[in-house]
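One chain, chain A, appears in both complexes that follow, with chain B as partner in the first and chain C in the second.
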Partner chain A sequence: MDKISLILNIIILLISPFFVIGIIKKTKAFFAGRKGVSIFQPLYDFIKLLKKGSVISNSTSFIYRIAPVVVFITTVTAGLFAPLCANCSIIGTCGAFVIFCYILGLSKFFALISAMDCASSFEGMGASREACFTTIVEPAFFIILASIIALSSNSTFQNLNSIVEYAGNFGVLIIVLAVISIFIMLLTECSRVPVDDPTTHLELTMIHEVMILDNSGVDLALLTYSAGIKMVILASLIINLILPSSLDFTASCVAYFILLGLIGVIIGTIESAIARFRMSHVFEFVFLMSSFALVIASLTAVKIYGV
Partner chain B sequence: MNYCTIGNNQKINISDIPTLNCEIFREQLAITNLRPLSYFGCDWGEKIKIFALLADDEKNQILISSTDIDKNHKEYNSITQDNSQYHMFERELYEQFDIKPLNHPWLKPVRKNQDKYEFFKMQGEQTHEVAVGPIHAGVIEPGHFRFLCQGEKVYNLEIMLGYQHRGVEDLMVQNPTNQLAESICGDSVVAYNSAFSQIMETLSDTKITKKAQIIRRIALEAERIAIHIGDLGAILGDIAYMMGKDVFGVTRTLVINTMLEISGSRFARGLITTGGVNYDINAEISNKILNMLEEVKKIVKKMAKTALSSATVMSRFEKTGTVSTETAQELNLVGLMGRACGIELDTRFDFKDELYKDFERKPFRATNDASSRFRIRYKEIKESISFIKKLLVKLKEVEDEDILVEANENLSPDSLCVSIVESWRGELVHCAITDSNGKLKRYKIKDPSFNNWWGLSMALRNNAISDFPLCNKGFDLSYCGFDL
Partner chain C sequence: MENYFIGIILLFFGAIFSLFFKKRKIEFITICSITASIFTIQNAIKVFIEGTKEISFNLGTIFQTVRFEMDYLGAFFVLFISVMSTLAVIYSKGYLKPYLEKGKDLSAHCVFLPLLSASMLLVATCFNGLFFLILWEMMSLSSFFLVIFEHEKKEVLKAGLKYLVFMHISVIFIILLFALLINNSSSLDFAQFREILADNPVLSNVVFMLGFIGFGIKAGFVPFHNWLSEAHPCAPSHVSGIMSGVMIKTGIYGILRIISLMTVFNPQIGYFVLIISVISALYGVIYAIGQHDLKKLLAYHSIENIGIIGLGLGLGLLGLAYNQNFVALLGFSGAILHILNHSIFKELLFLGAGSVYIKTHTRDIEILGGLIKKMPYTSILFLTGAVAICGLPPFNGFISEFLIYFSMLKGLSVDNIFMFLTMLLGLSGLALVGTLAILCFTKAFSIVFLGEARSENAKNVQCDNGISMILPMGILGCLCLLIGVFPAIIFNFILKITSIFVNVEQTFEIIPILQIISTTALCIIGAVMVLSIIKFKFEKRVENFETWGCGYNKVSEKMQYSASSYAQPFTSMIKPLFKKISDIKKPKTIFPKEAHFEQHIEDVEEVYFIKPVLNSIENFLTKFEKLQNGNIQQYIMYGLIFLIIAIIGVVTVG
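Here is the complex of A and B:
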């Protein structure tokens, strides 16, 4: 992989999270008839938080202190293996998607035990909800990626769109289902409406926000930054599924940025248009991803073994 | 039965109120099917006099009865064990006068001694307690909520209040002014001030002009519209329906800005005074109000219909936080929450006066859940808008009248006076007792929240803990009106 796309991908991974969140906020403001905050505001907030000190509760152990750093590092590391701009990832190695999944899993694990470490009933509740949804999302995600990789005989987690060449119409169908599933995963994992409400102040209803309720200053900055990075990674997965691998470098980069912005706008529109689901209905929503994954798995089986 | 009867905004001589033997008094209250409006004690030299005010909603009457409790023997058999509607009143009586109602099932502190409060407990695997407050995220008043949960399911919610107890009832006796009355509960300024002014006017035999009455009523309904719209927005905000939150938030401002034009205060502080009102509504402001109402009606109708036809909104609302009509009756839920639970109580119609005469009670299909609490507000906004319009027409007929008359200084001695006002939350009961010199001896306030907090607790049973904010906003009860 050439140097330009390497540098570009690193920049995308580290900088674009602020702007995607900025775009979501701007979209919501537009629908509410407000002027809204500047698109740079998430970046300013991040810098502001970095300058602040942290308050650490007496009831916490070392886990709570190292967790934000671990979460940040693991998220960035996972990002290195994920396909970003120009259909390639920063580290393109064989079996990258397994590494990707489990590094993200490690990140989630530390986020959960750090929340439990605070000994706060709110954070314990948030952790239990988050763990619950992740348990549903993870196997579905595996099945989807494994199917795509099995069909495209490409284990490096790049050029996901090449499945169309290998599997024809089956590939197109699988891509449509996979895009919807991963979008559901994005809404769940990045705690957006209708799964979670990122703007609420009501601790009892929160999922992700309540897990970082006790964190402040640099810790909070790292955690919100990591959440943004994760959103960009998942959005990139969707984009990589859609963008044909035959595009040349410039066209593919331009298309990438347009689609990334578009995903921000779509998330913002969803958040403006519908209410949040009842907590017990969220499961039904997340299980949609599992059923799509099963359809994808059966399509793959039909393609490989025939009817 | 042994009672004396008066109407709303009337006074009665203390000697006309029958004083019963404590056992008979208790028996009478335990078996009656009339609901208590207020139940309170008053220091009476060597004794403590307990007054019970019951509402006969069909006959538009207030029934009053009393009993004496010896200061050396401060206990009696509780009424609560037979009639749960008294349970908060008896707890309050115990706290204020140390009169112990024997066999009371939940004799816990009401407003004081929070450190001695004993919470209910639940034991077993997977059970956990969630303690919220008294300091909350967001700008709301202090109150402590204790949830007993198993997983996400709430088995019981216990609410401990009293963090804003300021001793308002004693302050009202020492310094009975409109400024104090309207500061008791900041979101019901007009209702509190009207009730207080009516008490003082009745006790001093001051007759205010019809024009002043109409302006007070317009303010009361405008307050109802403003707070209801704000609540509709807040309810939708809690379920992350941003469009509704923003639209209703903007619309509420239109209403309170009109209040600002009338009285110089967005919450109508300083508008009402004993003897009338301080600010007139002239033809120009009257037109502005009409235009504002037209616009508000249009926006509210459109937005409420959009929200109520949205599948995601309705799936959150329906069957969330249901309080059955039977439970609501047992708890004596009043006002807005009572109506949302199928109890048709509305002081405006139950104690009808001249101004509410050509205003008919419209039926409401209560479903007892969060959607019911949303729809009742929408319905009342529409009704209040048409009511203000009618009042503005009436206002034109009495254009030449004064808005303020000189109030008599002297209050009639040895009297008891009751004033009930339908604040936006429900019936607000003010009751005053004067001594032989015509000075206030006891001032009792009962906010609708006093009845309704227990209803919120019941609404949460067997619901998901994440639905608490939605239920809480639906009830939207007052902390300071309860704490006094």
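Here is the complex of A and C:
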């Protein structure tokens, strides 16, 4: 990959999370009839938190102190393997999506044990739910990626949309389904409405927000930043599925940024339009992704083997 | 081969002469094991440099020529059996100290511990069918005596007997297997077996199936896993470490040895192995999530990991059957590397669990907590093992799982719909197993080591264990990290072993990826260190305060999230797969006094298959109870009846 796209990708990975979250907030403010904060506010918040001191629970150990760093580093590293702008990833190797998922797994592992380290019942509740949702999302994600690889015999986790060339109309159908299911994955993994409400005031109903209830200062800054990075990575996956590979570099970059903003607007709109589901319904919602994944797998089987 | 036998003889020597020591038994067998392992390891390394070595003895007409051959596969097993069992023996000194102080007799334990290592080492090199069976039996029996270390406890004895029964069911199949081979080839030697299997697909399939069931019982594939989850928790921790880390791998060795003898491969066998393995992996990890007994949880994870190893084997077999060399290569390498990896981190975790048990006298994780502050080394090492067993980078579990994933991704391109669907099953199954392992080990680690102590047992712990217990765990932890950070080196080593099964010349594609993984792992470790230092150095004022109780300020350690509640969303999601046994006493009235909650999860196979079968056998046999009534006259009558029948028989036939 050339230097320009490398630098561009690194900038996207590190800077855009603030603005995507800013756009979501702005959209929600628009629907609520407020003026809303500037879209630079998440960035200001981040800088403000970095400057602050922190309060640490007496029950915690060093795990709690290093976990935010591990979560941040692993999320960024995972981002290096994911396709971002212009349909290519910073490290594009065969089987990259397995490495991607497992590095994110490491990040999740530390987020979970850091939440459990506070000896708080609320944080444990969030951790337990988060761990449970992952078990539904991950296998479905692997089925989707495996189907795409089987169609295009390209396991580099780049040019995901090239299956349209191999599979024609079937490819379009598969892409539509894959986009929907990865969007569900995004809502689940990044804890957005209707799975989780990041702005709720009741700890009992939170998932991700309650896991970082006791974090403050630099730790909180790193954790919210990593959550933003993760959202951008997953949003980029969706964009890469949609954007045709025939676009030239500048056009695809412009389209990428427009779509990234659009995804922010969509998430904001969903959050303004509906409330979060009851916990039992959340499972059903997340399982939707598994069913989509199975449909994608059967479509792939039909396409390749013509059963 | 001489050095190898010097090592074996040293182990036997240690076993016998430990009886003459009054006080320093454990030290004596430790020295014997260390010296023996130096000899055997040296011999195994020589095999990797110079090639296969062998030696034969002529043992008369029954055994004919007994041949011990150390090929790459055997040398690999000898290597890790030596290392792992020696580390466990070193650990045993600290672990057995409290028992010694209580005046427990360790004679039997000290005899069977070296005997188990010796028999495992011999099994891995023996190429004589009959002698193999004897060694196999010796291994099962010595491990049985090690399991019933605390035989005064009823449940230990029960678990030990169950283990013994299962091992003998396994031996029946292995005897059948060898009987078939010996009968067909009229020889006891493995080399002869290879010749008769060469172009006989039917015999190959029958032999493989018998071997898979026989050795699979030892390895713990579902549905033959039942002994594993009971015998491992009851044994002393270093023995559980050896059993789970090394001994169940001899079952895998048996399966691999049969594959190495076969030349024709049927895809159906590959599918069968792969599907059984995915089921085993899922079954193991799902039950592990429901367990609150730390060692039982680890035992169920052994079933999961055996499933992952089997997945690699299944891929290897499918690759051979469909002539996909690369798929087979990655599958076998992944399986063999996972054998090594699993033995490292599982032994580490069992030793960690043992350290916790010695300090807190309980295996129930619900009453532990907060141990990280008092046992920092044990905790960090347990965390290393936990991250490694979840298959997360930068540790070793990831490397073998990645090889298996890559093999499945390559398998997707085989033009066969069954292959495609099986690969999807494998991919999603392995992904599910990975996330469930994360769920399970975040639970185990955080409930045991993090938060606040939940009972007096955990509160009374003063300090960490001594060096003899920390050192072996430290070595294992370092091995986990080293393999995870330098995978290309270990992969080249594993390739030598894989060369027994497949042609290993086309590996160009995987090495660069392993190098990328290695760089990534190093970067993650480095970046975490640098950023942590920056953070701790430049962070403003840090205050300590109570955990935020959401406005409630009488927070107690009882209010922490417990293991059952952590697993609850998942266990309630897959309710039909479990049989839950709950003991609930709800708080009643306005001023509630007593309340109680306890939940156990029972193995479905145990409840719906093993127990009914055993009950019906027992019902049938109790009908004959009257025969044994203590009346001597009647017993004499039985003898008389038998004699009459025998005489009639002889007369009529003769």
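By definition in this document, the second predicted complex is superposed on the first by the 307 of 307 C-alpha atoms of A that agree within 3 Å, B and C clash if a C-alpha of one lies under 4 Å from a C-alpha of the other, contacts with A are read in each partner's own complex, and residues count from 1 in each chain.
Definition applied: a residue touches a chain if its C-beta (ideal position, glycine included) is under 8 Å from a C-beta of that chain, and two chains touch if they have at least 3 such contacts.
Since we're looking at a predicted model, the values are computed, not measured.
Q: Please determine, from the superposition on chain A, whether chain B and chain C clash or fit.
A: Here chain B and chain C cannot both sit on chain A without a clash.
Q: Just to be sure I read the superposition right, which of the two partners does A:F277 touch: chain B = first, chain C = second, or both, or neither?
A: First partner only, chain B.
Q: Scan A:V69 for contacts with chain B and chain C and give back first, second, both or neither.
A: second
Q: Is A:K48 touching the first partner chain B, the second partner chain C, both, or neither of them?
A: After superposing on A, A:K48 lies clear of both chain B and chain C.
Q: Would you sort A:F122 into first (chain B), second (chain C), both or neither based on which partner it touches?
A: both
Q: Counting residues of chain A touched by each partner, does chain B or chain C come out ahead?
A: C
Q: Between chain B and chain C, whom does A:R34 touch in the aligned arrangement: first, second, both, or neither?
A: A:R34 sits against chain B, while chain C stays out of touch.
Q: Considering only the touch criterion stated at the top, classify A:E203 as touching first (chain B), second (chain C), both, or neither.
A: both
Q: Pick out the stretch of chain C that clashes with chain B after the overlay, from 110-118, 596-604 or 632-640.
A: 596-604
Q: Could you tell me which stretches of chain A are touched by chain B in one complex and by chain C in the other?
A: On chain A, the residues that contact chain B in one structure and chain C in the other are 121-122, 124-125, 203.
Q: Taking the complex as given, what residues does chain C use to touch chain A?
A: Spelled out, the residues of chain C in touch with chain A are 369-370, 372-373, 383, 387, 390-393, 398, 401-402, 405-406, 408-409, 412-413, 417, 420-421, 423-424, 427-432, 434-436, 438-439, 441-442, 445-447, 450-452, 509, 512-513, 516-517, 520, 523-524, 527-528, 531-532, 535-536, 539-550, 555, 557, 559-561, 565-570, 573.
Q: Would you pull the chain B residues touching chain A in the complex into a rising list?
A: 128-132, 137-138, 152, 236, 238-243, 246, 250, 310, 312-313, 315-316, 320, 464-469
Q: If we count contacts the way the header does, which residues on chain A are in touch with chain C in the complex?
A: Listed in rising order, the residues are 51-59, 61-63, 65-66, 69-70, 72-74, 77, 80, 91, 93-95, 98-99, 101-103, 105-106, 108-109, 112-113, 116-125, 127-129, 131-132, 134-135, 138-143, 146-147, 149-150, 153, 155, 203, 213-214, 217-218, 283, 293, 297, 300-301, 304-305, 307.
Q: Using the touch rule from the top, collect the residues of chain A that touch chain B in their complex.
A: Counting only chain A, the residues touching chain B are 28, 31-34, 121-122, 124-125, 193-194, 197, 199-205, 271-281.
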